[in-house]
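First chain A sits with chain B, and in the next complex the same chain sits with chain C.
After this line comes the complex of A and B, so read on.
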């Protein structure tokens, strides 16, 4: 977590913008991981076929991929508290959307009494 | 502290560059939150319909072109890497590297859209689009085998597919054959079209986002080429990259939901 005001100027970086510079090695590792997971998702789906667990596995892989993209490529790892809060709030609101939708559609066929 | 190193990039209403960058990032993230909710509505609707018609959604998904989708996934993930490298170059003051990475990102995004164009063209050529086209193609295949036994119908479609100019699209033959085997319609063609509606709307809206992103990145190329992105203005590249990565992340969910739902069904 970084303080946005805490820039440390140096001779070759007078505005302190290199404080959170990404290493190319790390970016390449994340790239290979996200790409590998994408290809794994295709391979596993082809092998499993449509079973009741396929969607769960696919969504788990996609979530890990999106997490890596958000944390490393979208710089949430250097994010201010308020940025992380904003990112999480979108998931929170989407959670409400899904919960209310499901509470309706999943219970429509229930027999009461 | 940073005021001691004042920059023309610093807007007068900010205390220092750190505060300005933080505000720019926050503004973009707030916009992205609304984008996530926008796509969230589509994902929620898809979830309900897939839950109601799982069989039709899996069969319809098996008609999609997984090869193109996989290649497109590679394009988008690679473009996310080049976009992030562009931020690194911007911070280091490497203008040539910045422009090179931005152009690579544009090239990969354009390649994605070109492939998507080929995919849509093929689908429309095969009449695999909800509405009149779908109904006519499906009705033609059904009528051709109406008086045949399921085994004879299978032979008919096999011979048709092997001919130089097949009379029936592969998907229509397969759907007609599946419904020929059962007494009632085993696969509801209306629900297959519902999947196709989701497919075209979700990939279409995603494609529009890609085009908007490409426009923004081209603007960055112009700014970088004309000296508008000194190291202290790297956040201009960063906010565009946030949008680009979100579009990439959304594709990572669209890919399994639309293309892999029916993977491994033998097509």
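After this line comes the complex of A and C, so read on.
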């Protein structure tokens, strides 16, 4: 991935960064998509009710939403290697949180001895 | 580490002439209140943090004094039981969220990271200023909580008491901690980007001062852990204000879930507090022993190691909270792991001192105090990380003593050492050598008398956060309170002689300690943009054996005799 900071200044773009910015149209589309997914999440949950699959569906939709926000609004699509690495490391850290949580929750009722 | 300094007969570049004091430095570049409140100069923002956290430290100390005074009597000397709860909570919240966490990153990270890597400023100067404002908004919320009666939950805010039963001002207090967390994230982000993107030519990762490594590791924790506690605090507020069952078991919640989420941040937060102090100590021990750091790479990577391992052991705070026995065994084992990188640092610092040419100025005295007190704090942590002994010691004064040995004996001493080490650079003035040494000794002695009795009281079973205790433990509590008075006196002395030095102290030279870092290559106080020209780094950060700074120039004489500019020059400068 190219380094987005190695840009050439021009007269109307003295810092050489404007060409890297996303257009308003694209950002609006993403915004509408995130809102639509939120509505879909609510609608599907009401339709399904509290089944054992409801949480899975909700989390799947929320993950797509988070991905859109990270990729477009947080500009990961323009990020250099360090930025991508930082984003991935945060996922790894979240993995630590969940795995060690589960070490407690999944074994809490095991009988000792 | 690559060293491009000519050795073996060749002569290093001559010592740089004492830089002429510049007519405009960052301090006299505007005197109006607005020139401070709207500044984007990292050095001025560092001073804004210094003033703010000094106020919070004083307030937190005042609440500590209330707590200690109350404990003079087994039945409570001055406070009602409810007021006692609010006093120790205010002490904890103020000291942790508004002093210990922002202290070194906010003050010395902001001030010195750009100078140490040869940059003009941090990567995002406006974000830096925003971080101070956000911090102050958070602090105002905490002040609001105190003014409307305070919080009685303890700084850990455990539900369901905090979300259901407490009649105190929990929401403004939680809001304060939540908002100040964003300031922490902003500072961490700024430091990480600055270190990645703005290093001077030749400033490779292997030549970064260890203070920068420590702040980088700290920033990593700030970025990754703070959002978790922010979400947790929002959930707590949602439960308290809207009755949504998340942590309260009476409405379908799980209180242990709060403790997991809270400690996933708050245990690494201990390393947010202590890692910068470790960076400070690395700078000072090398400088005042005139020796290269022993095992640069080991000390640098152990900072990263502490940052990573620090995330894996949070549940040792929860051994008696009802977590799984198997998880408790796992977390006990993982807790032992963090001793490894900490011990690496301790061994390397000790080896650095070995056969060094040591001088005992105040920063060095405080740093040696750090080594001793942090070691005791760390070793007593092993008792708490071990399942069997923790059941006996959990929630006793043993925990209070352990925590204060690490946080006050470690972090606050390192912070005081940093203030004394960099004060001449920040202000351009030297402080009283005698009073500063005396203050350091008083702080260390007062500290021992305050907290050693608490280990004993805790071992005998005196619970923390109780206003009453058995009469046979009174002598320990009286000794602890007497020690805290001595400790308070030790803290009060710098609050007098440091500001006084700003007006009456001798002018400091650019490099009064004969240190090697880039920050000492600029006048004291520094230019607005730090350097006249971008420095070129040719060697590692601690080449005391070669006697050269990071630009390969010979160091001025060490500070044994004089660190003030000659009288003739002083007169020429109009001083």
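Throughout what follows, the second predicted complex is superposed on the first by the 105 of 113 C-alpha atoms of A that agree within 3 Å, B and C clash if a C-alpha of one lies under 4 Å from a C-alpha of the other, contacts with A are read in each partner's own complex, and residues count from 1 in each chain.
As a working rule, contacts are C-beta pairs under 8 Å (C-beta built on N, C-alpha and C of every residue); 3 or more make two chains touch, one makes a residue touch a chain.
It should be emphasised that the depicted structure is a prediction, and the values quoted were computed from it without experimental measurement.
Student: Name the contact category of A:82: first (chain B only), second (chain C only), both, or neither.
Tutor: both
Student: If we overlay the two complexes on their shared chain A, which of chain B and chain C does A:50 touch? Say first, second, both or neither.
Tutor: Touch status of A:50: first partner only.
Student: Scan A:107 for contacts with chain B and chain C and give back first, second, both or neither.
Tutor: second
Student: First (chain B), second (chain C), both or neither: which does A:34 touch?
Tutor: In the superposition, A:34 contacts chain B only.
Student: Which partner does A:93 contact after superposing on A: first (chain B), second (chain C), both, neither?
Tutor: Both partners.
Student: In the superposed arrangement, does chain B or chain C reach more residues of chain A?
Tutor: Of chain B and chain C, B contacts more residues of chain A.
Student: Check chain A for residues that touch chain B in one structure and chain C in the other, and list them.
Tutor: On chain A, the residues that contact chain B in one structure and chain C in the other are 5, 82, 86, 89-90, 93, 97, 101, 105-106.
Student: Please name which positions on chain C make contact with chain A in the complex.
Tutor: On the chain C side, the touching residues are 192, 196-197, 223-225, 228, 256, 260, 264, 311-312, 314-315, 322-327, 330-331.
Student: Quick one: in the complex, what on chain A touches chain B?
Tutor: Of all residues in chain A, those touching chain B are 3-7, 9, 13-18, 21-22, 24, 27-28, 31, 34-35, 38-39, 41-42, 45-50, 54-55, 58-59, 61-62, 65-66, 69-70, 72-75, 79-80, 82-83, 86-87, 89-91, 93-94, 97-98, 101-102, 105-106.
Student: What does chain B use to touch chain A in their complex?
Tutor: 1-2, 4-5, 7, 15-19, 21-22, 25-26, 29-30, 32-34, 36-37, 40-41, 43-44, 47-48, 51-52, 54, 58, 66, 70, 73-74, 77-78, 80-81, 83-85, 87-88, 91-92, 231-232, 234, 238, 241-242, 245-246, 248-249, 252-253, 255-257, 260-265
Student: Which part of chain A faces chain C closely enough to touch in the complex?
Tutor: 5, 82, 86, 89-90, 93, 96-97, 100-101, 103-110, 112
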